[in-house]
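The data blocks that follow each hold one structure.
You will see two complexes here that share subunit A, one where it goes with subunit B and one where it goes with subunit C.
Entry: the complex of A and B
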């Protein structure tokens, strides 16, 4: 497989970007819904949809990064050599860890909607 | 440590501990919500101390006691277990506990609604019992019955404030043009203190109030009395004080129910003498304090809207204070 350096960099930061977008969308949406006096259920539905989309996207990115890291192939997590393979595996490794922390962040961001059912 | 340093350290820690035991401390709870917050605080403090000891113990161990290289497996287990899994689980647990507690602390009240409006720099307070048609108007003091959750609705006039009785529960902002709400469930009778906790102008720090929790029967008796008009002044000085009150036009801003004074600009004074404090929690309810306040409010509370009555002689001020103190 031809290794595309540019797209790999984007893949590495895609998950944290999804996390930050999810944060903005969820907070903005909830504030808008509550300010308009709409039903809090509407806010929770929107949060559920945004969270589902974010998790699906982050999972896809994480899976892609996991494949790129190729850990199970050689159990190699040191990528400090000046080779294309090390660079590819390093970016995959970093991307996978960032996807993991982004997933936790998205779940934490969304968790208030599980417990709090009203705007006031 | 030298002796003075040790003495200073001891004094500082005494002073800090003193803050935990006051009428305005979440660590000396008098309500269910504050109790939960205090418990959570002690758990988190204990956890933080243990973590601090573990981390520093580990640091000492690997740098001083056993300096051999750690196996890669142990190092990985430490980093992944201690650096990722452990904090994620602990934070998720704390988050879940805090989030499940938040709606409980805002459960609707039963029986009593207290409407509080933040003014500059005092509190307009109105009590509305379930089924009552008219609110009982008071000011600068919150009284609540113990063992039940009371509803508190919050408003603000002109600028933002925030309502907080640390010993009873959390705080809620007061926003002009928007009603916010909270509820409190005191668990023991006692005198506590509340404080404005959102900067609102030059006397923000002097905007406090007494918070008195009473047993339900005592509260009902108090509220019934608070709803009554003011008793006529007793004694020569108090009668003269009332005449001065009327002559000076105090009733343009203050209301004393049962008299000609019906002003709504300043705090209601109908049962002023029955309150635990004067001038929104910053002076004791004594004749001397009343004289000091009326003579020059600005000196006590910078920016206070009430004008100074320093043209009144000592005798007149004393009579006025006697009248007001008698309004129990």
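Entry: the complex of A and C
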């Protein structure tokens, strides 16, 4: 298995993995807090912290992916050639798009905590 | 001319010893590809390939394992099960056509809707994906076959046996009758063997699904043709990769749930019984963690067919390849965050409902993107309305309608209104018909000339389409209204004075029109076509590799493994077909008389290895039959024959592995053509087998994680977990078990290194010690819960501790068998310092196993005292 980010599928899916972890943490934390009868404010605080961390991580992944895609350098978009550069930019491009969709996912998942202030 | 060393990843290249390093020129130059092949040599090569890949004659035909045979049987079997489940649906529609009908008694109706849902999901939708992928994937990838053909065959026979067993229960009136999601306590308390048939029969089929997922993932990752970097993969392969990954994380929770459920049914361990600390909600969670991704497991590979048909119809490359990859991968992930939207009415905290509602809305983004990419391709292309495209267009229309109601029911307050009504029935059929049935039928029309070398009828196809399309909408569109008017699902009849009667009558008429459409399709598919001419080679003018097939079928899959530089080689690569047909690509010959394909690196598809592939065999069928026995006998509480079957199944698998996998080759390297010399035997991460173990163990770990989740679930959901004054596992025995199992792992790992270092005698001693330590460790683990007297049927806490121990010990037993297999290999010369793939794979298994052993020890020995 390869861990060089320019040729690694794992880097490409790092952002959605961050989304999954955020989702599990937020869900597990809320379930525990509500089941123990603690204050929903505690749940919301935890959600805010987890969301902040997830956004920071996804932003970092997205930034690296953007640089790997290197769009503004040559405006390559399709990456359908047989070269190393095509593959590298493709993985960057796909990683960047996945970071974007993961970011939206994290924001969506955190949004109930903005509107709902109780466990019931 | 470039040496292959320059194409290899430096990290990987450094890890390969010099003896098995690929040597020669890569990538091939234009001159090399243009070099003519002597016509006599070409004929001789073709004759040898034909002989090696010939299907077995006469009754031995059924021992075939080739992907073209297994894929065809698999698809036809799944289709037959679909027709059976469809008949059940029609009978239910007859019963519901008029109010107060007595066509079917209530219990029969319950059995019918349970079997309709279960069969459509487990015997048709998921197996159909595996079947079609087994049939088509090697052709998309220019490979001769799947990496593990006998595993496909084993999966198929397991599916056939399990499917017939589950489905035939309906003929004896003992079918499961608690709904396809088998909620406890209804299903745990149900009389008769129905629930057991569901649990054991379908668990058996789930195992076959996971086997297929492993095969397909390894196929996509390791069996791409040289040059087909990850950015050039056909979109279908991307979807297969995503869906394979999803199966690994979605099916194991259900298997873990089935395990707990069956323990309750058979031995009264109270996992779902609230009186003894259990909780029926755990089943709902485990079921839907499987059940919702399942919808996307069905949808994605079907829409992948659309991604193959649309560029051909539009006569241009797909628009937004990157966006579709994003969409497939993104949907794969997000679809795991939706499961609780099936449980909106169970009283979970509203904050939790909010997360799942939000994720259910978010998944629309990637799903929508791929539909827009398809539409964009059609807009900018020069569309020919070929017949399969009709089905794809119908699919997009119906799926979009289902998606829109999906957005509605993803909102918890709306869902509270329509939960368990016919609105949901309408919604799910719109998504499944649009997301699965229509694209699959379109795909059958499109790919039929590829796998049958004949064409289906254009006219019958159009008749079938319009009947199915209109019938479907007549049947299911009114159901939205029926549901909004309050008609609940799963009722066997209803009174006539509340405005549901005319809607139901319309739906019944529509159901029969749909069935007529499907029957026309079935006739067109199965009607004899002996007198019909063979198809031309590329009837639709497609650009992907499957249309480089040979007509008539010579059996070898692909003449040579090609060198690829484009997403659409038939459109873009000059002289491609001529080069392919004259055998100018890789491994154009079979001088050793062995079935072979080329294995390449995971991301850049640099050639690594010429893999020897297994051929026809009966042992896979025996393995499937005995595995079936091991699952089916317990349904009737017949445990001794089940145990005998289990032992025989293991014996059949060992025979199969011993006689046909990781064989010591006649020469360490071979000429693969185009100036390239490749190893014939590799071990570790370059070998497909290692990837197979790795991927299987990922799935297995998910099942184990589900059990661990169960412990934490009870802890959060129940005040009495663990109950006051409960007896805990013995810390001494637990610690001893952990130490012994850790020792067994260490001995296995050390044996691998020492064997590789050229000291097989010491490795043998370690391989004798390792299973002894493992057996001692497993025994100590059982004693840890046995000695203090944890009684599993008294409360869910001891039951859960026992469940973890039983699970882990079963895996330790498998680990012991593998260590013994390696030991035997070193004794009989099958495993040498140089040829050590089995030991690598066993060590990999033990890496996963030792982690789960240590977690189990912590879960039973340490955690309960902390809670």
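One rule holds in what follows: the second predicted complex is superposed on the first by the 114 of 120 C-alpha atoms of A that agree within 3 Å, B and C clash if a C-alpha of one lies under 4 Å from a C-alpha of the other, contacts with A are read in each partner's own complex, and residues count from 1 in each chain.
One rule holds for everything that comes next: contacts are C-beta pairs under 8 Å (C-beta built on N, C-alpha and C of every residue); 3 or more make two chains touch, one makes a residue touch a chain.
Only a predicted model underlies this, so the values are computations on that prediction, with no experimental measurement involved.
Within the superposed three-chain model, A:56 lies out of touch with both subunit B and subunit C [touch as defined at top]. More residues of subunit A lie in contact with C than with the other chain of the pair subunit B and subunit C.
When the two complexes are overlaid on their common chain A, residue A:48 makes contact with neither subunit B nor subunit C.
When both complexes are overlaid on chain A, the residue A:16 reaches subunit C alone and has no touch with subunit B. Under the contact criterion defined above, the residues of subunit A that touch both subunit B in one complex and subunit C in the other are 104, 108, 111-112, 115-116, 118, 120.
For subunit C in complex with subunit A, the touching residues are 9, 11-12, 27, 227, 229-232, 317, 321-323, 325-326, 329-330, 333-334, 336-337, 348-355, 357-359, 361-362, 365-366, 564-567, 602-604, 685, 712, 716-717.
For subunit B in complex with subunit A, the touching residues are 84, 88, 91-92, 95-96, 99-100, 102-103, 106, 180-181. Contacts from subunit A toward subunit B in the complex involve residues 100, 104, 108, 111-112, 114-118, 120.
Taken together, the subunit A residues at the contact with subunit C in this complex read 1-2, 4, 7-9, 12-13, 16-17, 19-20, 23, 26-28, 30-32, 34-36, 40, 43, 77-82, 84, 86-87, 90-91, 93-94, 97-98, 101-102, 104-105, 108-109, 111-113, 115-116, 118-120.
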